[in-house]
Amino acid sequence: MNSLGISWAGSLTRLAGGLAAASLTLAAATGAASAQETDAVTIGYAISKSGPNAGGADMTVTPNYELWVHEVNERGGLTLPDGSQRPIEVIEYDDRSSAEEVVRAVERLATQDKVDLILPPWGTGFNLAVAPLMARHGYPHLAGAAVTDKADDFVERWDTSFWFMGGGEDYTHALAEVLIEARDAGTINNSVAMVSVADGFGIDLVKAARPTLEEAGFEIAYDKAFPPQTSDFATIINEAAGTGADTFIAFSYPPHTFALTKQAQVASYNPAVFYLGVGAGFPVYTNISGGQMEGVMSLGGIDPDNALNAEYRARHEAVIGRAPDYWGSVLIYASLQMLEQAIERVGLDKAEIAKELSTGTFDTVLGETKLENNQLRNIWWTGQWQDGTFVAVAPGDRDGAGEASLPKPAWQ
Amino acid sequence: MNGRLEITGLKKRFGGLTAVNGVSFAVEPGEVIGLLGPNGSGKTTVMNMVSGALRADAGSIRFDGVELTRLKPNKIAKHGVARTFQLVRPLPTLSVAENVLLSFAFGRKRHWGREAQMLVEEKLEFVGLGGRGGEEVGNLTYIDQKRMELARALASEPKLLLLDEWLAGLNPSELRIGIDLVRHLQGLGMSVLLVEHIMEAVRALCSRCVVMSAGEVIASGESEAVLKAPQVISAYLGDDHA
Amino acid sequence: MIENLVNGLVLGGTYALVAMGLTIQYGIARIMNLAFGDLIIAACFGTFVLYSGFALSPVLALFLIVPLGFAFNYFIYQIVMRPLVARAPNSEALEVDSILVTFGLLFVIQGILLVIFGGAYTSYSYLNTPVNVLGTIVAANRLVAFVLALIFGAGILFVLFRTRWGTTLRAVALAPESAPLYGIDVNASARLAFAIGGALAASGGVVVSMYQTFTATAGVVFTMKALIVVILGGKGSLTGALVAGLLLGVVETMVAAYIDPGLTLAATYTVFLLLLLVRPSGMFGKAG
Amino acid sequence: MKQTVFILLGLAVLALLAAAPYLLSDYGTALLLGMTGYITLATAWAMFSGPTRYVSLATVAFFGIGAYTVAVLSEVLPYPLVLLVAALIGLTVAIIVGLSTLRLAGVYFVIFTFGLAELVRQTVTWWEVNVTETLGRYIFLPFEGRHIYWQLLALLVVTLLISWWIGRSRYGLALKAIGDDETVAEHAGINVPGLKLALFAISATIITLVGAIQAPRWTYIEPSIVFNPTVSFLTLIMALLGGPSKLWGPMVGAIPLFLLFEWLSANFPDHFSILLGALFIMIVFFMPKGILAKLEDLRAGGAS
């Protein structure tokens, strides 16, 4: 009757074997990680190289990390306060678009690889997931690809965290500014059709947009959220067109942004204001819209006369092989330049770097850059495709801002 | 009322086909009764309704004073009705002993632990598988699998045993062993409802028979008399022979 | 109303096209292919490369990529699936094994695409021109998917029910155990069916790439949609896949139009789960 | 006597594991945490799916329900009560789902459970977007890695004890019988639907608790994070690799796979998918019944 019960002896032996194997593997992993060059500055990051987040990370974040490291090492390395230079050595992990993986990878970078600096992952959720860890281990956290209205709260909670992309309210206020001007000029009516992707980004923006637009006296005629997996927008475009609104706003991700564009073209839906979410500022958008991106609006934008930015775009294309997007890329790159300059001023002490980032003034591709309460505010909130460039149009009172050109010309 | 099976007006339809149409008969306590009929006459369907594998469309099945008609197979087993299957169905991942133990554990009286193990050995002994409890069922010969299945049915300590062609496929010497086993059960006071094609066995075991054809009972009574009845012969062999 | 119906049918055309391949692989070859969506994505990338690199129109690309899909799946069956089929004691064991092994295959294909193309969103514009169907404007590229689904569906149905060859395949689908008794080479038939399914996946990929943005990791979305359609339609039923695909498109469009676009997927799953509960064998499947 | 020795040994191993966070770096603790989480998931999964052979992909539905409950209630109720509520919600959903689905078999059950996970995710998303208007939720519970690890370890011990108890009780035997032949099991007197439902409910409740306990680690929760279908797939693979019908099987599968994933994503971040896939195919080819069965085969082969 031995087969009935569990054989304790055999099972425990097997368990012990498993544990021994596990600890051996652990030991092996430890040994491998500690064998690193001593004179290099180690910089680690975990990024989504597979899974659903890979698309976003591969557009906005990873290329800029690679570009920056490439450039720094080409210059001979990071310059320290004493003038010496040390090359960067990168340790990168794939977080597989999983929150648990990204947390563990950062723990590994901090406590196992003991890297000098850690660069953040892609996405609002993942940046928040690693924020407590970065703070606990004292790493300055340059949250680049994260849009949040709660940055003030986060800075209070984690004073070594820095936020570079603003929040939903920033973007919607800027948009409302553009819309009010167009309405006052008689270009558009009072009605707005708005859709958003049902996920953190879409909700944050649409939640900020509702009160902002209503305060500005706009009537929201259509307001729906769609699941991120949506690929067909025929019905949504039909319904939005049916409302007679002159303004169409979509807080969308790239696949939706592209599909909305194609569907609007097919349906000859041509509202005076056609504002889309992430992806409209991607270089590939030119192909997707069949070269008809003129007048399309979105988040971000650049000042076409800014030589620094133009130069950055050229370098990105030369090193990475494709152009950066017109929104997040330059912000991420600027955050890395700030990091580099902070190190040059105060060395590799993490607390000192954080303090310098918080208080110092830096020369970046954005021009002279200074953080306000650990947040980058010097951002272009709204942009518009004009003559083949995604030009920044808001805030309109800042130097370099273009003029929004409305109504949008018809699709051909 | 002790251990009497009473079937009245039992009906079952499958789609447009009426498989069992108003069957009534009874099995008295301690009696071995044969349920006969050509293939497709509805015998196994009756068995399935008694054991709960199928639900009757109409009619009633009472056993030991309890209405079984709407009960699930596990409840029916707990009321003291056990069965074997037309094709042997051993549980392949369980050892021979575990196959039998299962019925003790969930049968009428729920035995478990050391006591149950002894009971299992006893039952295996009874069917002629003594000492072979540790073997894999897959390795048993056909007759031994049949023995194991009988032991498994007996292990739920039934008052009524349903044997569905349990003797089919045995060679003459095995058949003799099988018949002796069933007779032994009768000696223990158990009622047995036997679906069987082997007339030799029916004659040897059953005092009474019920013969079905096309879903209806066409004859019942003393075995010898029933087996000679013209309607029975014609049902088996076709009208030409009547 | 008519507008939504047309939009729904056109959307459903894609679902049907994609699902027919899976239902053939599952119904006849008995392989539950979780890597199906990744084959579609591979075909998307193939079309993209041909279009942007060699200026080959996606419609012409069909003639290159569909045979490639056939050949690739033919070899996959021969190398990976056949040993599993040979060793499986019963169809359930094969089901579990095929789920597991194609799950591995999914990652291999996805990984190769990631290495070659990276994780970026890929999209191009082709045949994005309006066509008037019963007063509703639909995109030509989506109409192509719809028409292809009907053509392939009708073509394969013709083959299955009007040719000797098709009778063989159906025999394998219905009774793989007894088919050899009639002199049918089950292995060859299954391999063929698997390859045809793969060719359909490739054609789906070519068409989908014309209007949908894709990434190397987006395959699972297609697999799941196709699976739902297959189960809705009934395992192995081509007609079922066709009807269920179109129906799903209509349901999604109606929900988006009259209830809330946010509930389209929830509605899909609700319809799917309810049907599974009421009729587990699907709309066109055999009961039991 | 022998049993006492093993119990003592088991307790010693447990004590060592509990003390591990003091001996290891944060990353070591994180590894143990992740590993314990997956071992618990795989063991709980195998508790139901191993003996009944119902391949469930609903793991992440319950995991996500647990995590979401914590996200919603962590500021409202004391933590132990939050866990209790999470467990109750998981249990209720499991019973409802179980009552309606356990008569589906084979691939239908597989697809159904996957659909269920997606449905829960879509419904939660829709609710949050349209009703509460907060898709992302924050969890600021004062837990560090080791606190979460200890909770998971305790849950794992409980899970193993339940699994062990079921295995040696009459219900363990009944489950094996159900896996072989439900009809025979039913005729032997087993309440098959009831037993399956009970087991599904226990398994789902444990899975819910794993999600609930792990949630505070991510600070920020949204449906795409907690209803990530990878969780279901990994759990299934780990259990199948080890051998789902044995008590230690899921653990024997989860530990090497977990470490392997970690090693691959650290050393081959760009080729993770290819290697994982290739490895997976090899496992199916060379260890179809799981590691434990393979080991037993080898041992049996060596002995004869």
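Order of writing sets the labels: A, B, C and D. Residues in every chain begin at 1.
Here, contacts are C-beta pairs under 8 Å (C-beta built on N, C-alpha and C of every residue); 3 or more make two chains touch, one makes a residue touch a chain.
These are the chains along with the protein names UniProt gives them: B = Amino acid/amide ABC transporter ATP-binding protein 1, HAAT family; C = Amino acid/amide ABC transporter membrane protein 1, HAAT family; D = Amino acid/amide ABC transporter membrane protein 2, HAAT family.
Just so we're clear, the structure is a prediction, and the values are computed from it rather than from any experiment.
Taking the mean of each chain's C-alpha atoms, the chain closest to the overall C-alpha centroid is D.
Here the chain pair with the top count of touching C-beta pairs is A-D.
Averaging C-alpha coordinates per chain places the centre of chain A 34 Å away from that of chain C. Averaged C-alpha coordinates put the centre of chain B at 43 Å from the centre of chain D.
Centroid to centroid, with C-alpha atoms defining each point, chain C and chain D lie 31 Å apart. Distance between chain centres (mean CA atoms), chain A to chain B: 72 Å.
In chain B, the residues touching two or more other chains are 98, 101. Of all residues in chain D, those touching 2 or more other chains are 122, 125-126, 129-130, 173, 270, 272-273, listed in ascending order. Looking at chain C, one finds that residues 110-111, 114, 260, 262, 265 touch two or more other chains.
Taken in their complex, chain A has these residues touching chain C: 48-52, 54-55, 57-59, 195, 198, 224-227, 229-232, 234-236, 238-239, 254-255, 258-259, 262-263, 265-268, 279, 282, 284, 287-290. Of all residues in chain A, only 4-6, 8-9, 11-12, 14-16, 18-19, 21-22, 25-26, 29, 32, 49-52, 92-101, 103-105, 107-108, 110-112, 124-125, 128-129, 131-132, 136-137, 157, 198-200, 202-204, 207, 225, 227-228 touch chain D in the complex they form.
Chain D contributes residues 169-170, 173-174, 176-177, 179-181, 183-192, 245 to its touches with chain B in the complex.
Interface of chain C with chain A (complex): residues 3-4, 7, 10-11, 52, 110-111, 114, 118-125, 128-130, 137-139, 211-213, 215-217, 221, 252-253, 256-257, 260-262, 264-265. Listing the residues of chain B that touch chain D in their complex gives 51-53, 72-74, 77-78, 82-83, 85, 89, 91-94, 98, 101-103, 105-108, 110, 112, 152, 156.
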